[in-house]
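Consider the two complexes below, in which subunit A is the common component and subunit B and subunit C are the respective partners.
And now, the complex of A and B:
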C-alpha cells in the first residue's frame, strides 16, 4: 500500500477534464490492444474457438473500430484542450521538455546507481512522464494515420497498405510494451504508489508522494501558498 | 489500531493476490509480444515479405500474377485471334483478373455454361501437344497447360474450344484480306461461333465454391489449394465484396 494516511494533505494533480480524457484513453487503448493483437493469435487458440470464432472475430473488428474512433476523438480533443483551455495551456507549458530534464535524468540514474546521495528535485512532470507523454503523440500519429489507411483500404495501393500494416503493428507492439512496462509499473507497481496511484480517480496526489516524486513542484506550491494563501482548486495547483 | 491492522490483513492479502495475478498476466502478454516480434519466424517473415519482397505476395488472392504472364506464355486459344490477349476490357475493375484467367483457361470455360441436362468436364491439356497433364508441377502458371472444357454426349467427349472450320477460315482470311467471299463467310461464321456462348458468363462466385462447374480436385489441385479456391480467402472475398475497387491515390487525372 502507499502507506499514506487518510487525513494526509493532498494536492490537485489532475482536473476533471484530464481524468475523463484519461479514462477514455485507457479504456479504448485497452480494447484496441486486445482486439488488435487477437489478429496475431496463435492458430491453435483460434481453432479452439470453433464456429464461435467467426462471430467473435466479426465483433472484434467492430469493437476495434469503435475504440479507434474514441481514441482519435480524445486525442484531437486533447490537442484542443492544451491549445485553448487555461488548464490545458498550463499543462503543456509544464510538460515541455527543458534542459533540466536531461540533468534530472543523469542525476537520477546516478542516484539509483548509488553514486549520488540525493535524488534530484523533480518538477510537476518528471523527465520520464514527459517522455511518455510525447511518445503518445508520436504513437497516436502513426496508429491513427495508418489505421485510417487500412480502414479506407479500397482507396490505397496494396504496397502502401502493407507498409501501413507493418507500421501499425510495430507501433502497437511498442506502445503496448511501453504502457505495460513503463506506465503500469509507474502508477501501480512502484512501491511509492502500490497498488495504485489514485490521481486518475480523484485527481489528487498526497503530500508524501509530492515530496518523494515532485519535490521541486511541492516547494514551489508551498512558497506560493506562503506568499498567497488562497489557492485555485483547478489547474493542478490547488490543495485539498 | 492493532486490531484494525489485523482486520485489514485479509483485504491486503486479496489486493496482493489480485495485483500478482494482473502482473503475471501482463508479464505473459509482454513475453508473447516479444516472441511475436523477434522469435516467431512466420510473423516476422510475413512482415518482412510484405514490405521487402513481392515474390510471395503475387500469389495472394486478387493480387495473383500467373507465372505465365511473366513467361509470356499464352493459352493460344483461337478466340484470342480476334479478341487479342487482353480480351476483357469493358470493366476496368475486374478486367485484370479476368484476363489473368484467360492465360490458363479456354474462354469457353466461363463463356459456355452447361445447360439443364448437359454434362461438361474440364481437363488440363498440355500446350502444344494437347495431351492431358498428369500432375500440376511448379507454381501457378508453370503447369504448362490450359483448362479446356469438354461436352460429354453419349459417352463421347467433344472439345468446346475447337472449331476446325473457323480455324481454317481465320487463317485463310488473314492471308487474303481482299477476298470478299472469304470475308462474307467470316462474317457468317462469326455469328455461328458465338451461338453456343451464354449471354451471361459464369461469374467468379459460381465457380469458386464447392460443387461448382469446376471440380478442383479433379483438376489435380492440392487439397489446400482446392480449399483456398472454394472456401478459402479468395472465395470469401468474392462472397463478401461484390464490388471491386481500384486505388485512386495514384490514378492519373487525365
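And now, the complex of A and C:
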C-alpha cells in the first residue's frame, strides 16, 4: 500500500459475483492442491503419519472430490457468466487477446531491460493477466475431464486412465507452480500492492495502482467521465 | 549353510526400519533361529518320545483321557528338550561362508519365551530338527515343513501335516514343478522365506491371560495353557494375517530384484508403490488391493500357495479372468473388460509386447487375441510427461524471469525517483 493514501479515489475492479467466484476458486484449488499432492509424497513422510494415516487418506479423497465439484460448478457458472451476463460480457470482451498484447509484452520487456524509456500503456487486463486467465481455461478443461474419467474409472480402459492420470498430475503441477510464480507474485509480492491487492476483498482498485498498471484503462475511464459526468457504467464511484 | 539365505533378509529388514521394526526383527530372527537351530533328539528328562505322543490323543482331542497327556505335554513345553542348555546364551553364533561365498552371520540364540509364544510354541526343537544327535550338530537334517507332525488334527484325529500345502506350492509358479524357469531353482522361495513363525499377537495374549477373560472357558475346560493357545489360534485366524505394506515388502524382496527377475525372464515390478493402490497402502489403508488380492484372491478361492503365471488360463490375472478379479468383493463392482485389461495394473521395467487373451463382457474366455503394445503405451505416457516437464520449465522460468526482471525495473525506477 506504499504511497496509497486512505482518502484516495478508487475504481471498481471486480463485481460481487466475480469476487465470490474467485473465493470459491482459490479455496477449492488450494484444497485440491494439498489433497492431490498428498499422493505424491515420499513414503517416509507418509509413514510418519502412523496409524492416523488411514483416516487421513480417507478424508483426503472425500475433500478432493468435494473441492473438485465446487471448482467445476464455479467454472461452468463462469462460462454462463461471461456469455450471458452484462458485466460478464464486458469482462470477456476486455479479456480477449488482441495484437496489442504482443506489442505490450515486447515493449514492457524492453523497458524492464532498460532499452525503452516508457512502459507501454496497459488496458483493463494486462497481457500477463490474460495469459493467466486463459491458462485456467486450458487447465480446467484438462483436470475436470481427466478427473471425471478417474472418478468413473470402471468405465474406461486402463490405459486411458493411465493417460488421464499423467495429464492430471502434469496439469496440476503446472497450475500449482504457475499460481506461485505468476499470480501470487502479481497480487501479493508485487511492491505496488504488498502485502496484498485488496481488490479480491472489496473489489476496488486505487487510482495510483490504476495509473501504474492500467494507465490506458484509467485514461479511458476519465475520458468517459468527462464526456458524460453522471452514472458512468463502469467508472469509479467518487471518493471513498 | 542353506539356511543362511533365508536368514539374510531379516537382517536387511531390520536396518531399514525403526525401533519397533527392530524389536520385531529380533523376535522374528529369534523365532526363525529356533526353527533352524539343531536340537538334541534324546535328552535327559524328555517325557515322551514323538511316537508315544503320536499314539496318544493330541492337545485338542476332546476325549476324557486327554487331560493327563495335556499335562505331560505341557511339561515338555517347559523346555525339557535340553536344547536351551546351550541355546539360551545370546552370544551363541558364528560367521560363516554361504553357498555363494558371502560371509553371513548365523545366530543360534533362541529366546525360549518367544518361541513358546509363537505359532509353533507347542512343538519342541526336535519335532522339526531331526537327526541332531551329535555335538557339534554335523548330522542335522534340513527342516522339512511337509513332514507328518505328531500333533493330531482335532477334526479328524489324524496326524497333522503341512504336506498338502507343500505339494500345492511345488506345483505353483513358485515351486520346483510349476516354475517355468528350470535353472536357478535355488531362487525359488521356501516356506520360511514368507513364514517366520511369529509370536501370537502379544497384546491379545496378555488380555487372554486375565482370569475374567477366560472364565467362561474354564466352566468346561480345565487347562488354562490350552485355553490360551486355542483362543490365540482362533483370534489369529480371524484377524488379518499381514498388513498390506508387509505383503508388498515380502513380494518385492524377489520381484523387485532385477538380477533375480532377469534369471527367470520375468518383469521387474517397479511401479506398484506409485499406483493408487500403492499410495493407499503407504497411508495404511487395508481396503485396497495388495499383491495377493489380485494374484491370489482368497475371495475367489485362490491361495498364495497355488499362485500361477498370468499366462495360465486359471490365473486370476489372466486377461480372461481379470474383470472378475477387479470386481471381487465390491472393489470395482462396475469394472468392465476394458478397465481390467489392456494395460498392467502396475508398470514394469521391461516393456514388452504382450499377447493377451480377451474375454467377453460376461467374463468367459474367448479365443480372440489382442495385441497390447506395452512399449507404445509406455512411450505415449512418457511423451505426456515430457510435454509437461518442458511446459512447466518454460512457464516457471518464463513467468519467474519476467517477475524478477519487473522487480529489477521497479528497483531501478525507485532509485531514479521515478514513481
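Keep this in mind: the second predicted complex is superposed on the first by the 227 of 240 C-alpha atoms of A that agree within 3 Å, B and C clash if a C-alpha of one lies under 4 Å from a C-alpha of the other, contacts with A are read in each partner's own complex, and residues count from 1 in each chain.
The rule is short, and it goes like this: contacts are C-beta pairs under 8 Å (C-beta built on N, C-alpha and C of every residue); 3 or more make two chains touch, one makes a residue touch a chain.
Every value quoted in this text rests on a predicted model; they were computed, and no experiment measured them.
Student: Do subunit B and subunit C fit side by side on subunit A after the overlay, or clash?
Tutor: These partners clash in the superposed model.
Student: Kindly classify A:73 by the partners it touches after superposition: subunit B alone (first), subunit C alone (second), both, or neither?
Tutor: So A:73 meets neither subunit B nor subunit C here.
Student: For A:188 in the superposed arrangement: first (subunit B), second (subunit C), both or neither?
Tutor: first
Student: After the superposition on A, what does A:37 contact: first (subunit B), second (subunit C), both or neither?
Tutor: Touch status of A:37: first partner only.
Student: Counting only touches as set out at the top, which of subunit B and subunit C does A:201 meet: first, second, both, neither?
Tutor: A:201: touches no partner chain.
Student: Let me test your reading of the model: by the given contact rule, A:166 touches which partner, first (subunit B), second (subunit C), both or neither?
Tutor: both
Student: A:177 contacts which: subunit B (first), subunit C (second), both, neither?
Tutor: Touch partners of A:177: subunit B and subunit C.
Student: In the three-chain superposition, say which chain, subunit B or subunit C, touches more residues of subunit A.
Tutor: C
Student: Which partner does A:48 reach: the first (subunit B), the second (subunit C), both, or neither?
Tutor: Once the two structures are laid over each other on A, A:48 reaches no partner at all.
Student: Quick check for you: in the superposed arrangement, does A:83 touch first (subunit B), second (subunit C), both or neither?
Tutor: Neither: A:83 stays clear of subunit B and subunit C.
Student: In the superposed model, identify the part of subunit B that clashes with subunit C, out of 7-15, 25-33, 133-141 or 169-177.
Tutor: 133-141
Student: Taking the contacts subunit A makes with subunit B in one complex and with subunit C in the other, which residues are shared?
Tutor: Shared contact residues on subunit A: 154-158, 162-163, 166, 169-170, 173, 177, 181.
Student: Mind listing the subunit A positions that touch subunit B in their complex?
Tutor: So the residues of subunit A in touch with subunit B come to 1, 37, 40, 154-158, 160, 162-163, 165-166, 169-170, 173, 176-177, 180-181, 184, 188-189, 194-195.
Student: Which part of subunit A faces subunit C closely enough to touch in the complex?
Tutor: Contacts found on subunit A: 39, 43, 46-47, 49-51, 53-54, 56-58, 109, 111-114, 128, 153-159, 161-163, 166-167, 169-171, 173-174, 177-178, 181-182, 185-186, 190-192, 212.
Student: Quick one: in the complex, what on subunit B touches subunit A?
Tutor: So the residues of subunit B in touch with subunit A come to 12, 15, 18-19, 23, 26, 29-30, 33-34, 36-37, 43, 47, 50-51, 57, 63, 245, 247-250.
Student: Under the touch definition given earlier, write down the residues of subunit C that touch subunit A in their complex.
Tutor: 273, 276, 279-280, 282-286, 332-336, 338-345, 377, 380-381, 384-385, 387-389, 391-392, 395-396, 399-400, 402-403, 405-410, 412, 419
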